[in-house]
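These are the structures, in structure tokens.
Next come two complexes built around chain A: one with chain B, the other with chain C.
Showing the complex of A and B:
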């Protein structure tokens, strides 16, 4: 019984981080309608900013986290304004935007590696002092509980924002058809900017969560992004809620794989699931 | 219009003619003039960059010293650095160094995976591959052109198995990174441990770059082992594994596959979790004069060994001086150098006194270490 509840908890923790990644990814994909690879680098930016403000500068935890998320959000907005928007204005195709975002990913990764070195680093925390909770024989640390709660709060907040506010309506209108949206008087560029700022902030939160849970390295963004994309495809790409289901489904399957086979099979299982979905249900479990 | 055409023709003549002149010029002066080029292959990016950067620093430091004191036979030493990414990328790095830079000697690889990938190419081209960090037992006697001044892991793996048996630790769990060095070490350990009657009750592995080990560790925990042997390729994996063992409440006697447990970064980050952990390392007498002066100079210049034990930087630094001595003694004939390396006896350097045997392996003493109150001690 212990082992089952621990595996379940492991899956829930991983699922929480994946769902954060996929949440922001789907938000941006649903509105801007291109595969934003640079999104992964924004998660890494969040992780490294937290490392810089908290571990290197020694700022108070909450202030450091707020600044880290702000940095990720601002960088996302900056990239949208200086790179994606001019490309969109030139009627660039999704493929061109994808290639541009690959460039963004590579540049940010390289800059992080130059500033912070490409070594794996951990955010200092007093390991011995951390509270560990036991649920049905499985253990979960305080950090992980906080990550889980944060993920749930952000999911809920985003759902409310999209459903009940005027801004949410505008986002849905732009993602349905941006030309019609602009005809009826919605400032699509402004909405797009806000979507990038919010999506990038969520990427930043995911990066911070991953940083505190495990650690940081410049290439962390790409592996997070890949998991987020798999979750998005499982859930139905562009569908904000479907992605969350996809994220937890992916985490459960991965950890079951690690349990039933061996730890080295985790990624193999994740990508096998992706291939199965692409072959048999490319629209995902919950199409947009 | 015709003016434009003439301009283009003039440009074409300058470009083609100039290019031809430059190329023929560069291929003319060979052998005895210009710097001596030596290749370098190490993990400069990725997790294993924690080895690669101190490796590169130590090599740079030795090269600068040699060049400042007149070079090798009056020629400057030039190192060409290539990234082997701790694996098969070393093959293309070796290819590039040999076919484009025409090097005859390569220092590296650092990771065992790099040396294993580069060796077939260097051997085919009769290029010396001299590794200051690869520890896989598979590399012993692999080629007459491959030598190393860092010892094979077969000895510590066997010693750890014997130590566990002596301590009455019968049921042991292992978690191994699927890298060449770690897999080879695990195999050497498992063979000996099972021969001595031990039970391998959990045997988990993970791919490089994994950050979430919890489900693998949960399985090990449910097998209730007397001890866990952690064989990660880099401090990054080891540290995460040990932290996550603590997260899920897996408390047991820890053994380290490599000497990373004694590295400064792990000791700083998780001293409490390492309490009582046992590992083996090639014994380095840090009070010996050559060793001490190297450590002082290195730390003055680069501050940190990148979180790793000193031994790795010391062997890297020595590698450059060994190559220098070889060239001075035998010239650039790699067949003669290959023989010379295996006759190296009581050579003095930062790593102490070095003797290389007929299989290209150095003879090294090992020390059993234990971590106590955040400090490395000898196991009594």
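Showing the complex of A and C:
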């Protein structure tokens, strides 16, 4: 019983973090329609910014988190304006954008490694002081509870934003057809910029969450991104809500796999799931 | 001098990787991010045959090529059913899986500790022990691979590949089973990557999984995108440029670990700039 509830709890935490990643990824993919690999680097940026402000500068937690998310969001917007937007203006293919975003990922990852070293590091100032709760024999830390709550709040906030605001309508219009959207007077470039800013902020939150949960490493961005992409494909790519189902599904399979085989096979299991889905159900469980 | 020979050997090994990857990416237009996996399988197969049975290097290399080809056949059978972004993502997934296996199948691969003491090649009593003779061997193999690639691209088979790259549906209408062509070129490309793997293993005389990560695949992709897709000269030029660059950075006074990261920064930036200003690369004929 203990082991079952522990696996369930681990899956829920991992699912919450993957949900965040996939949420922002789907938002950007749905609007800009390309595989933005640089998105992963923004998650890493968030994690490292939190490390810098919180652990190294010793700022208060909430201020540090806000600054970290702001940094990720601003960087995302900057990349969109200086790289992706000129490429879109030139009608570049999705592959060109993908390769460019690969460049973005490589550069940011290496810059982080130069500044902060490529070693694995942890964020918490005081591990012993952390409260641990027990649910049905499984342990969950206070940080993990906070991650869970944050993920739920962001999911809800994004859903409300997309559904009920004028901005949300504009985003949906641009993702349906950006040419028609601009004909009816929507400033598509502005919407695109906002989507990148919001999406990158969510990436930043995911990076911060992963950083507090496990720790930071310059390559964390790529692995987070890949989990997010796999979740997005399982759920039906571009569908913001399907991605959340995919994220929890992936987290459950991964944790069951880790229990059955051992933790080192986690990534391999995740990609095996991806390849099975690409083969047998490429449109995902909840197609857009 | 010894140092220059070392660089030249690395350039020839990466030229072989670039030439072989170009068959899939440049000629057939499939964005494969799994080349390092075949490079690794070739290296491990050769290294294990050499250390365990002590057979001749050239025989071990040939068997390594066959093993790599067989695995590529399985992976390619899945991949050739995808296209576009999904091809890139699926192939990346296989790289992660192969890397996990190299890392975690301890009883076969010795895990993260790697395989030490791999012998240098010898033929008819002549040993390629010195770096000068090893460079000669590398150049001969590079010339052979170049010849094979030229044969493939000039044949009618190569013309079908070009047609798949330009318009897959159109060539299907003429009755060509494109999945078959995609599969064959994928297997051939993987077998040539195994040649590079065998050379690398016996040159360094030690291998571990860290040389065969997804980042390494991205590096190979950068080589051919920089040099120019579907161009043999481009692949060699790209390899020379990206290998010599970090060495030049070291001479410029950067410490070794920073120089390694600077290499990442530079080739990431090169990818971005190329996509923005010259998507066909320096010598390429095909634009992504």
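Convention: the second predicted complex is superposed on the first by the 288 of 288 C-alpha atoms of A that agree within 3 Å, B and C clash if a C-alpha of one lies under 4 Å from a C-alpha of the other, contacts with A are read in each partner's own complex, and residues count from 1 in each chain.
In this section, a residue touches a chain if its C-beta (ideal position, glycine included) is under 8 Å from a C-beta of that chain, and two chains touch if they have at least 3 such contacts.
Just so you know, these numbers come straight off a predicted model, no measurement behind them.
Asker: Based on the shared chain A superposition, would you classify chain B and chain C as clashing or fitting together?
Answerer: Partners clash after overlay.
Asker: Output check: A:287 vs chain B and chain C. Expected answer is one of first, second, both, neither. What do you get?
Answerer: After superposing on A, A:287 lies clear of both chain B and chain C.
Asker: For A:93, select first, second, both or neither according to whether it touches chain B, chain C, the two together, or no partner.
Answerer: Second partner only, chain C.
Asker: For A:113 in the superposed arrangement: first (chain B), second (chain C), both or neither?
Answerer: So A:113 meets both chain B and chain C here.
Asker: For A:264, select first, second, both or neither according to whether it touches chain B, chain C, the two together, or no partner.
Answerer: Both: A:264 reaches chain B and chain C.
Asker: Quick one: is A:60 in contact with chain B, with chain C, with both, or with neither? Answer first, second, both or neither.
Answerer: neither
Asker: Could you look at A:139 and tell me whether it touches chain B, chain C, both or neither (first, second, both, neither)?
Answerer: first
Asker: Give one of first, second, both or neither to describe whether A:215 is in contact with chain B, with chain C, with both, or with none.
Answerer: Only chain B; A:215 stays clear of chain C.
Asker: Superposing on chain A puts chain C and chain B in one frame; which of 110-118, 146-154, 164-172 or 272-280 is the clashing stretch?
Answerer: Clashing stretch: 110-118.
Asker: Can you list the residues of chain A that touch chain B in one structure and chain C in the other?
Answerer: Residues common to the chain A contacts of chain C and of chain B are 113, 118, 262, 264, 267, listed in rising order.
Asker: Inside the complex, what are the residues of chain B that reach chain A?
Answerer: Listed in rising order, the residues are 44-47, 49-50, 53, 175, 178, 203-207, 209-216, 218-219, 221-222, 234-236, 239-240, 243, 246-249, 269-270, 272-273, 306-307.
Asker: Any idea which chain C residues touch chain A in the complex?
Answerer: Listed in rising order, the residues are 31, 78, 81-82, 84-86, 88-90, 92-94, 96-97, 100-101, 103-104, 214-215, 218, 221, 225, 257-258, 261-265, 267-272, 275-276, 279, 287-288.
Asker: Of all residues in chain A, which touch chain C in the complex?
Answerer: 34-35, 83, 86-87, 92-100, 102-107, 109-111, 113-114, 118, 222, 226, 229, 233, 262, 264-265, 267-268, 271-272, 274-275, 278-279, 282
Asker: Report the residues of chain A in contact with chain B in the complex, numbered from low to high.
Answerer: Chain A reaches chain B through residues 2-3, 6-7, 10-11, 13-14, 113, 117-120, 122, 124, 127-128, 132, 134, 138-139, 141, 144, 210, 214-215, 217, 219-220, 223, 255, 258-259, 262-264, 266-267.
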